[in-house]
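Per-chain numbering from 1; labels A, B and C assigned in written order.
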Amino acid sequence: MRNFELIGNFLLQLLPVINITLTVSVSALVLGSFIGLILTLGKIGSSRILRGIVAGYISIVRATPPIIMIFLVYYGLPFITANFFKINIEGWNRIYFVIIALTLLFSAPVAEIMRSAYLSIDKGQYEAGIMVGMNKFQIFYRIILPQATVVALPNYATALINLLKEGSLTFTIGVVDMVAKSQMIVSNNSGGYAWQTYGSLALIYWALSLAIGRVVALSEKAYQKKRQSISI
Amino acid sequence: MLNTDFMLQVAKATIKGVPVTLEIVIVSLILALPISFVFALLRLYSVKGGNQFVKLYVSFIRGTPIIAQILIVYSAFPSLLASFIGKSAFAIDPINYAYIVFTINAVASLTEVFRSALQTVDRGQYEAGTMVGMTSSQIFRRIILPQALVSALPNLTNITLGLVKNSALAFIMSVKDITAIAKTEAAFNYSFLEAYLVLWVYYLIISYAAELIFKSLELYFGRYRKQVKKRHYSNKEQLISVTTDKRRSPAQG
Amino acid sequence: MLKIRGLKKSYAENEILKGIDLDVKKGDVITIIGPSGAGKTTLLRNITTLESADSGKIEFENIQGDYSALTRQETKKLRQSIGFVFQNYNLFNNKTALQNVMEGLLTAKRMPKQEARTEALKALERVGLLEYKDQYPVQLSGGQQQRVGIARAIALKPKVIFFDEPTSALDPELVGEVLQVMRSLAHEGTTMVIVTHQMRFAQEISNKIVFMVAGRVVESGTAQAVFENPRAERTRQFLAETLVQY
């Protein structure tokens, strides 16, 4: 009983800083999707050099631990801007560095997901579209995209949950997010109630992950329903 | 510009942590394999209670960040252990806690991998096995399992890469892995970028080496999947097998 | 040798088999024909216990009783004395052609490895695939895979072999080689029960034809009787529709 009370109490203390987690995740989601889209275009494009660069980028990002990525961006970006562009960004809000690092991390799986979704669409439909007189854009927007979206959604959810979890490393460069806050609570209690505190932290993340999974599953259903009603 | 002498120094110091990082990855993987295999079977055969437990376990572990899992285990386990074996619990080498956390973490993803791999072997081969008089356990051991393991290999590669990357957080449990050493060097000399660049290279090398090993395993064990001759009719056959599978599905329950 | 009486099977509300009788004597080559959805494949799968029939009596060797009350031992015995050739071949993908044929000999018959190998090679030779013994299924054509499937069945020396549409998954140009193997088995006196849509082939090799519609046997008799003088109107209609294509 006491434990429930404690966890409830800790939840209330942690939730106010959830906005850091959400800001970081949503920003990286939007920016990472955009970069991922550009990478996808490079990867399915006709330029061999471009394809090679994109493949190399994805492979390196995939092999980089998120914490190392955050460190590299946090220490490397100011170094690059200072030495090559004579701009000092050391005074930037630290959260920007996390967002950039997570954007880079997220763009790689997004590119893979978009590419495989695109490839999963039968190209005969493209030819059929041309034969009924649609233009390239119409075919992409009306035929390819809706189908590719349905294929991509489940994997997108997984990538998004991973992004959310990687965002939990925000604290490593000194931003007070939920993880940092929970560590403060524990040290304020001189190390007491540690598992209850970190348990509360885990519960919040779990709820967020489940919510993402649920939203994506629902939109998948809605999409399929829409397609069904069209076909009838 | 970058201090290359210092980078060399970090490279030399960090190399001592490579065995620790590898140990964390390999030990956790070896511990996680049998556990997750049993978990996958609990799910597949819908074992009462076990099925629900595994479902909840997988959902929780996959839905929470590894850092939260580390903090929970690292704060809860020592005192939990102390209530059994007394004060000596606090003297345990922290790498053991790393094994525990990363095993717990890997089990969740591996369970899902085994579950889907065991499902990919089509039912027809099971039926063929019964018709040549094999028992269920013979079919499982000799036909289903070998194929499931091979089809699990690509995902196993990803999980191993994930373990390598997650292991970079072992320093939080005061394990002296490559990240811990590079961090110390960085802070001591106040040259962070150089130290982390070196550390990055280490992770890239370890990851690519792991990938290479798994790729060759895939090639070796997956040789029965390789087609020597060109089969122009393979598409049609796939179509047919899909339709018959569908037709039979109600009978399979 | 094999006697089936009143075999019934339903899925959910649908009764697929509405009481089938079938007699198989030693050396018989029986072909079951009929429109799709008649329950031919279901009949084969229920006779061979791949699916459990709702009711019906079986007499086979020293097994006697109702399908719904077969013991584990009896099921095992039944399966050991029959062979089955699947529509989709269902070869073990992780085993070579030779290993596919040896598998049942090693596990079910507990034959020593050397002996199993000899037997398996004999079976592969009978289907004309000796030189493909070390190929994996993906390296074989559909026709070759099905011939390995037949070799796997005959190696166990079953009393009767069931063929479930053995050529329907094959491209037309590969059908011939499989039929040729079946033809030679029939000439050697193998007892066979076949479901197929190859009407000319059925007419040629069968000594008995069973015509099924909607879960019932409408007509059965010698190949000559059924093909040349069908008694039932439904049979006439079916034969007119299908034979016209050949």
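In this section, a contact is a pair of C-beta atoms (placed from the backbone, for glycine too) under 8 Å apart; a residue touches a chain by one contact, two chains touch by 3 or more.
Note that the structure is a prediction, hence the values are computed from the model and not measured.
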item	value
Neighbouring chains shared between chain A and chain C, ordered by label	B
Longest centre-to-centre distance from chain A, chain (CA-based)	C
Chain nearest the global centroid, as defined over all protein CA atoms shown	B
Chain centre separation in whole Å, for chain C relative to chain A (CA means)	54
Distance from the mean Cα position of chain C to that of chain B, given in whole angstrom	44
Where chain A and chain B are represented by their mean Cα positions, the distance between them in whole Å	22
Overlap residues in chain A, where contacts from two or more other chains coincide	none
Complex contact set, residues of chain C against chain B	11-12, 42, 45, 48, 50-51, 76, 79-80, 82-84, 86-88, 90-96, 103-104, 107-109, 135-139, 141-142, 149, 152-153, 156, 168-169, 171
Of all residues in chain B, those that touch chain A in their complex	1, 59-60, 62-69, 71-72, 75-76, 161, 164-169, 179, 192-193, 196-197, 199-200, 203-204, 207-208, 211
Interface residues, chain A side, partner chain B - complex	60, 62-68, 71-72, 75-76, 79, 83, 161, 164-169, 179, 182-183, 186, 191, 194-195, 198-199, 201-202, 205-206, 208-210, 213
Residue ranges of chain B touching chain C (in the complex, touch as defined)	122, 124-125, 127-135, 138, 142-143, 146-147, 150, 223-229, 231, 233, 236-237, 240-241, 244, 250-251
